[in-house]
């Protein structure tokens, strides 16, 4: 609290006046009353924040702090410029005056850091709010660390960079409300945390100032956790689509009469897409549960849970949520298309195949004049409802999808937070495996008549859709049956094969 | 902390006993230990809260505070009345005793404010929790300001009014957990904030006591941000429905044979509704992106981003979220109806138009007896799958809708909060424009054969559905192409046409 | 803050070194500077946390605290064991050294509590993080109370038990972020609350240490609020399914020709399920609004709102959210199946019943060779669009379902929190009743022709689906009409029949 009284040479301001008076009071007041006033004084002083830089972000942050009851002062080389843009409650003065506060927000680009007079910043808390324009690649250190190297006698804290000027002005309604901070001084971080909280955001401490490297990556990286799962999904989809294409658009026309060619090519945009999405969703769902099963087998073979999984398995385990949500998207598109086209034309196998009839037809489109032509052939569909296989196919699909939607809802952050760990497990594991079984049945109820019918050497899509789900289920079955289930429970409770001591631990 | 010991003349209570003892201890204890105990004492004292008013809200708030470890005392003129309703942990005593606490909650209607003896409230923090019954209209000041004018020597803080007695009793599970506060004393607001947090809610400071006018409007206004967008949506819908009605139910029967009249009037409830909703959703989506495009053109023409948009544009920009969610509702209803009725009967154009056949029919409904009648005419639908146009129409619709659903999910508060600003932008802008393009294609794939076919001078709905989306896309294209795209980037980075100095600012 | 300097006999550690130096400084520094350093010292000391137990949970919690800037020390009987598993930033030492911190986390099973030397824990805050393996049944007290009875000179606080080791390691991303705490010392709870917040979780104070009984039930109970509503739903579903089964699969084949038997048994998996789900959803929705109506009648008959509802009504009122969400699931499955099968085959009544035709058919499946057979009978469906009844049936269903989905979205925790109490009421009551009316109309538009046609004495499903919704609506109507509506408003504003005084209260 190195505020010195002599410094108040700025323009006479209402608020400062009050404050100076309080300082006088403090000085003259006798012992008992002094500490109480000092507290009040400190409270007032702790509300002062300096902001270096009058750009969009500096102004927006200062305005937000003013709204929240702080007294921000923007330090500017020409304080009279752009007066009209300064938000209500924000002072603009020289850089010297702005630097009197304990906390100084550095809201100028990195290239201008060196222009601030170092003596003004001694013992101050500097908040580096800067952002890079891209993921740090050639630069070895963060911009906050660079600031710290310029002003070694100041305490640099990284923070606020994840916010945008717009988010600050519109009350942080859009975008994240979490503000990551990092710094080497716990005390300084505590004060900046209070500032973050005061401004209406939630501080998340990521540790030492070197963590600023991570923090500076956040606003310039877009969905980092989604990149790999998304690419894997795209590869899987392209592969499966190519397989369908080879079969339905290339192999079938070659195998049968050429007259089918154009009719079949009609189905490139949607029907093929839909069949591919069905296989894709089922395989993706299995890929969410396969790594957990593999991890269990690794633990069993190693005889302990106290060993790191191989790197690929670790990464796979961590991307299950993303894989699951991408699966949900694919499944939703498939569901939407499928319920739209559900009809004897498309699902003949479960409605009854069409029969051909010779009937006299009135030719002509719409309501216009028509000519009579005898003995035309028309395909007439069985006009019955679905048979039992169709009904089982539809109900397993709808229920399986319903469970997957519940899984998706449970991974909404606000829902996840209301679930206890055991409940979250129950949903993700219990409902997830159930939906996998349902959706495998959905595949089989429909595809059983075709399952062993390869075309041009490509197996039926109903068959290859089951390869990975089948593997996953086969690997899982021994794990839920004794004796392996007992052994796995023991390992997960802390048992180590070959070790004698069992340390008391909470599961 | 003006608690005086002599005041303890109330009924002997367990907790007070302890406390008095501690005060004694404090007095007799020597220097070093004194401050530690004083802290403890202050802590205990800060837990005491007075509540004036034993109505539903007063009791519920007191009960909640008691649960959270505070010691609330309800002050009542006849403390013995309604004893059975007082929650556990809450004291009931005279108003004098309740007013000994530093923080006093005024939970009586505005009309009774003047009945509280002013001397009891001097230097206290008064929390005005009252609500009006309707939006403040004739009244120039808020109820909290009125309270403050009655007791000028007290610090009035507005707060807790957004909660209901029920929400307090049921643990705030339902309704908002945010409690807005306002007041002229920062220190008092800090203490009330602590109280709010202690009671399990999140305080949001809106500034000086005049902000109580806004705060008192909150509980009596229902969806203020939704009113204008909702009305606009209704007007748009009614207009579009009337247009369809004029065409399908009035123009068509007049144009063709009158026998169609009743058949066409069958489609007033759903088919027309569905067609209208389709146009409505597409136009609404465009209306979400049009204001952003106009704003960019305004910035380009003005040569700066440092100027306020016209009021109507500002309001339009701020209602985009609501417009988008209403669009999602319309689109969801349209999607639901459409997948239900997707069939050759309804989408003949993409399945093949029906042909008429003369066939001998067994007449009679259901399974009852039938008579044979020769040479009846039946329309027989092409029994093929959709053609390529139908497939493109369906897949663009499903994908466009899927993206709009993702937009909707990303605007759930808890999801928004996990997104960085750049990610939020990417979803709202990238996915949003993509879905707009998809849904325009959805319209055109289906409607192309009819697009230039007006009836009674009304253009095809497939055509007028594209007017505003088309305009939006046309205005957007130059903005994403050089040289305007570069110029816009420059302006958004802080460039001002005609200005020489470029102030260092963070974009 | 009973840290004594002499205690530093552990291995020389970097951080301790600094700290010891600071203590020296404090001692030698003159008055003014002393208090400032003391604050710093206290801050540092408050960052020290002892952890007894090196099991999964102890290690994970220590690691999390280290990440968050605390200095956790795990106390272990053999500190050298399992070194490799200790997270970065966590010290391992003897139990004596770990117990020097003010806050000591007891992360060993209950059976080992008595092995900790009591003298080390005097005046310390002990955090009991233990969990039971099942709902406490024979045990009269919680594990935290047992700990407190062993160490009466320590302050025991229950906490952290709702977290899992996995959640702590993965940053609490999954599962709840709320940590319930309980304890008899407010000061100790405050410190543990700070620790919880520091570790990135949200502390929720449930009161005295006896509340630990509740807290220990949380992680071992799975969806306690869902159990009863779920069982009620299952019972309702089984009853309704059995009713359909009796009618369609037993009564119909007996009534008509036996040839129908197998065809009708085809519809056990889906068609029956779908009809049952439709009735189930409508009845469930009514069951959400019936208790509120009954409660209003109880208030009217008693002439006051100040009396507890009977226990069954209270429980019913509290499970409305769960009943509503289960209804939404049933309705969603019904909607999904229904839009899939919507076609003349399934909804003949609204499309026109089929006619039978004699037509010459080419027999044979698929594209293979066929034989001509004359005079076969084929059912030919009316190929028109739906009639007005069908359209009304579909649109009321879709709109009713749309409103129920909005109800579901509004009960997502993060959405609920953005709603004011009045808005939440408006949605739950206004939209809810509207959807109930829509869905009753949905039932009647379709089922009117069949509504009075019992089979084997079982009334039409369209009829019995309306019993409870009809009752609910009939009971509601008088409540919204004068004079009862005025009387109810008066009662809800605090009026008590027969009482003369009206206490000033906030509604």
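Residue numbering begins at 1 within each chain, and the chains themselves are lettered A, B and C in the order written.
The working rule: a residue touches a chain if its C-beta (ideal position, glycine included) is under 8 Å from a C-beta of that chain, and two chains touch if they have at least 3 such contacts.
Since this is a predicted model, take the numbers as computed values, not measurements.
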- Note on the structure: Shared touch partners for chain B + chain C come out as A
- Over half of the interface residue numbers used by both chain A and chain C, so same, or under half, so different? different
- Task: Determine the centre-to-centre distance between chain A and chain C, using the mean Cα coordinates as centres, and give it in whole Å.
- Result: 23
- Task: Would you give the residues of chain A that are in contact with at least 2 other chains, written as numbers and ranges?
- Result: 339-340, 343, 359, 380, 412-415, 417
- Message: Looking at the complex, which residues from chain A come into contact with chain C?
- Response: 186-187, 189-190, 204-205, 207, 256, 306, 335, 338-340, 342-344, 351, 353, 355-359, 377, 380, 383-388, 390-392, 394-395, 398-399, 401-402, 405-406, 409, 412-424, 426, 494, 501, 503-507
- chain B residues touching chain C - in the complex, by the definition given at the top: 40, 43-44, 47, 53-58, 67-69, 81-82, 85, 107-109, 111-112, 129-131, 162-167, 173-178, 200, 218-223, 263, 265-271, 273, 329, 332-333, 336-337, 339-341, 343-346, 354, 359-367, 370, 372, 376, 378-381, 412-415, 417
